[in-house]
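Since the structure comes first, as structure tokens, the remarks are kept for the end.
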Amino acid sequence: MNVLKLILQHRRLSAGLAIAVVTAALLQVTNTNPAVSQTLALTAYEAPSDPGVDPEAGIWKDISGVNVPLSAQAGSYVAGGSVKMVKAQALHFDGKLFVRVSWADATDDSSTTKVQDFADAVALEFPQSATAAVPSICMGQADSAVNIWQWRADSNNGVRDPNVAYTNALVDMYPSTEALFYTARAANNPFAQLDRGAVQSLYSKAFGELHTLDFQEVQGLGTRTGDGWAVVFERKFDTGRAGHALFAPSTNMDMAFAVWDGSQDERNGKKAVSQFVNLSIAAAPAVTGGGDQTRTIIFAAGLGIGLVLIGGGLAIYGYRENGD
Amino acid sequence: MALRIRRPGDFEGVPDIRPLVWILAASAAVELAILRTFTRTAIHIPDIEALRTPYEILTRGGEFAYFLTLCLLLPAAVAAAVALQRGGHPQWRLATFALVVFTATWPLVDLGAISSGALDAMTLAAVLGLGTAILLVSGARSALPVGGFVAAYAASAFFTLAATGDGAMSVGQQRVLLNTAEMAAVVFACTTPMLLNGSRDRFAIIVAVVTGLLVFGALLGNGSTSRFLLLWNIGLSGSMPSFFYAAAAGGLTYTVLRAMRGGYPLIAAGLVLLVAGGIGLHSTYQSALVGVGLAALAAGLWVARTETAPSTAPVPAATGAIPITQRA
Amino acid sequence: MPDVYNWQLGRNMDYRFETGKQQRQFAAVFNINRCIACQTCTMACKSTWTFSPGQELMWWNNVETKPYGGYPQHWDTKILDLQEQANPGKQTWDPNKKDAKSAPYGTFEGKTIFETADGVNQMATGYIPSEEEWKAPNIFEDAATKYSKEGVSLPEHSGWFFYLQRICNHCTYPACVAACPRNAAYKREEDGIVLIDQNRCRGYRKCVEACPYKKSMYRPSTRTSEKCIGCYPRVEGSDPLTHGLPMETRCMTACIGKIRLQGLVKVGADGQWLEDRQNPLYYLVHVAKIALPLYPQFGTQPNVYYIPPRWVPRNYLEQMFGPGVQSAIDAYTNPSRETLAVLQLFRATQEIVFSYKVEPGPKTMELTVAGQKRELFNDTVVGYDSNGKEIVRVSVDEPLIERPDRFTLNTI
């Protein structure tokens, strides 16, 4: 009775609420999210020609990128990594997405021949499907998996047997060198296979549940730059398979970064991570020159100061009016 | 008192925003609790796969709360703008203007009419405008909490804007912005009790202390997850000692409870909305929560101020009606 | 974190997992006194499991000379040092807090490797030995503490060394299992053998870091970690020789010094060995108490037990095997009739002996050992397989067999 009375008392509000509930249900059922991300934005412009996976390709010098802080939020991750920032750039061409990541790392850790060696690595993480809220950045969540592309410096070099890596090694003999005797390889561990490329496409929806996708379609290559690494990832927008992130022109996608520095014993959860940034796949070609954001900042600052001035004026006016 | 207050049903042509803001705040709180907190920590629940069905139901519920909040945001923003505009005090024109500008920008971005950079700028401007308006009206009392929030928001937003483009800012400069945001946000949360006058609320103090201790324990016990939630839900990095966050949680809990129990529902709702919205630029959804939250806070503070003002204080001009009444 | 019972420490401790639904536990007794470091076990293992590219530095079984040797170098003193740093001056035993059943050697009052770890970056205190430390598996071979000009005599030699035979301890509370973030390392329910799932491993080397005995090893050619697999196909009975019955591992059966006895013991819900009086391993560890765990203070409850060497300074041995050293040496020096009989089971058969029976024999000798009068009896020990079928029969006195003066074939 009370409820009915309340509804009758607030007829307009109740009607409005009913409309809101119906609209919300409709949005949920159709999975339409009118909200727009306002976090760090990385725009993938259309490239004039195929950029390829070469990180040194000239085209990357002409487009602007975004500097993504890693564990900028120091202390967020107890076992956090040591790399502080990555620069990300993105392009697309002929239905393929290209992401170039570069970061500073003084040591080249591209061999994992010794037990104490850990490889430098970088990973991109995408929600596997668009949901109302982005999934947990920590390896996804039960109802919202993530697709991870990981490049590793040792895979980039190719996995080699120690007797090959150590050219002066003296070995009497290996009685059998068939794949069967490379136990992990024989057990179909994707991580232990030869010639699987520098990048692995992985899938996760919980801690400790990370696994390699059966179908590998991400290409990638890394090169040492003067003071660190530059890595390019390449993949078709749509692999047509479950578990793989799906891209399309004129859409947005959440995306996160992780970087491992091998010389700091970084592997597994010991890494530097970013928050999700917003990858926007533009339909238009790149606009050269990176000044637009600076203009935005100046615009925002100007607008803010302007508002404060207007407010101040109004306030003085108001007080005077009231004081009369 | 010269102030004339009408019953909620008495309004003629001026919306009473309390019920709408309250429903909005409740819906946003549910969304924050389920979608942004529970589902992101459920990964730690052992054997979560066995609880698949209840988990699904809860998550769908959280998702619905998200969409409902989304649907209520625009009407709430419009209602708050109209209420502030008709509130009879000229300072509110600034707040109204800021809110309208932001509200109008959002659909434009969805339509692709303006760039996301412009949207970010508008968002920041709206928060600055609303904050300034509150400061102008409620004065010194709100200087620390509202100033803290606005400063934290601005620093964090500038960081986001500055990260794009080559050499816009050095890593060191970006860190200064983040640390400023962090400190200002803690100042905001710790000083919110200053927003309310009057006697202490013992019950609220007890609950606040318990909440503070719980947060402290969570940060010490499972620091990684707790800090991660802090970062994702509130936009704080958790780089300061745990004590500060415990104090912040305690301060906020106290103010929200006291405001609810002491007859300042708009202040309570406003604070809940600010927490749900978080610090810095995340999405238009969270930005709108902050916008409406600040508007609700403005309205609530205005009523609180006029109530406690001596009778000689300036009376709201013109109509003399305070549509955003707090007490019947 | 679950609270589990560790009888070797005489107390409860924290471990990442509950005690499992395990049925049996892989266990062994190594008699250090008899080892001559011929490394036959080492080569038996190597030539069975680790002869391929990437396994060059991998020795799942090794025999090292103590006190200086170690594979990897100084593995034990390094862990002891880390533990001491984490809990200075308090890594001590209280031998008086005893209970015949649940704490036969007293109570360890210090901290285990699980208890000194932060639980975030490390689940167990440890370190990753560098490649150089794995490269000389028999470093300091036969190096004694000093040259004793006057010769040496019992009970403690002035200059000493001894051989320590090491395989994976297939611990009840394995540090490698606790450390693996992907749960790739696991302990089998059927026999307690600890394995690394070669399909799941991603080579993080958390197990290499956590295992205090350093028996998880990295293999660069597959970028994963491997470890002693307890010859599980043999323990499962897959070898045609035993017709489906459990068989001892390669390193055990190859032992020419007859120092090793391996088997499977029954385990209760709390992870502890169930009373099984006639199981030779249960008898040696829990009844005769002559075999002791290696570094029990690490807290993993290892399942390979050692009969300590009689000639080594007791303080060194107590650091290595806990407070039970002196009584174990006493019981070994003057063995009971039953102990002497059970010791004959070592390397008498390849099949796993699940129970034994001693058939009394006549007195054959009277002698004096360390001032004590002793009598020897020619008892016979009979070993039975898992079905209770007799598989071996050995007497204490070695039978004297006179051969004919001429052989028709293969005459030496």
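So that you can tell them apart, the chains are marked A, B and C in the order they are listed, and the count of residues begins at 1 in each.
Keep this in mind: contacts are C-beta pairs under 8 Å (C-beta built on N, C-alpha and C of every residue); 3 or more make two chains touch, one makes a residue touch a chain.
Being a predicted model, the structure only gives us computed values, none of them experimental.
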{"item": "Overall pattern in which the protein chains touch one another (line/ring/star/complete/other)", "value": "line"}
{"item": "Greatest separation from subunit A - chain, by CA centre", "value": "C"}
{"item": "Approximate Å spacing (C-alpha centroids) for the pair subunit A, subunit B", "value": "29"}
{"item": "Distance between chain centroids, defined by C-alpha means - subunit B, subunit C (Å)", "value": "63"}
{"item": "Whole-Å gap separating subunit A and subunit C, where each centre is the average of the chain's CA atoms", "value": "49"}
{"item": "Sequence positions of subunit B contacting 2 or more other chains", "value": "224"}
{"item": "For subunit A, residues that touch 2 or more chains besides their own", "value": "78-79, 207"}
{"item": "Residues of subunit C engaged with two or more neighbouring chains", "value": "120"}
{"item": "Residue numbers on subunit A that touch subunit C, as the complex places them", "value": "78-79, 112-116, 118, 154, 159-163, 165, 169, 171, 174-177, 181-189, 191-192, 207-208, 210, 265, 267-270"}
{"item": "Sites on subunit A touched by subunit B in the complex", "value": "9-10, 13, 16-17, 20-21, 23-25, 27-28, 33-41, 64-69, 72-79, 84-85, 131-133, 135-139, 141-144, 206-207, 275, 280, 290-297, 299-300, 303-304, 306-308, 310-312, 314-315, 317-319, 321-323"}
{"item": "Residue ranges of subunit C in contact with subunit A within the complex", "value": "51-54, 56-57, 120-121, 128-131, 134, 181-183, 197-206, 208, 217-224, 226"}
{"item": "Residue ranges of subunit B in contact with subunit A within the complex", "value": "9, 19-20, 23, 35-36, 39-40, 42-44, 48-49, 52, 55-56, 59-60, 63-64, 66-68, 70-72, 75, 89-91, 93-94, 97-98, 106, 109-110, 116-125, 128-129, 132-133, 136-137, 154, 157-158, 160-166, 168, 171, 174-175, 178, 223-224, 227-228, 231-232, 237-239, 281-287, 314-315, 317"}
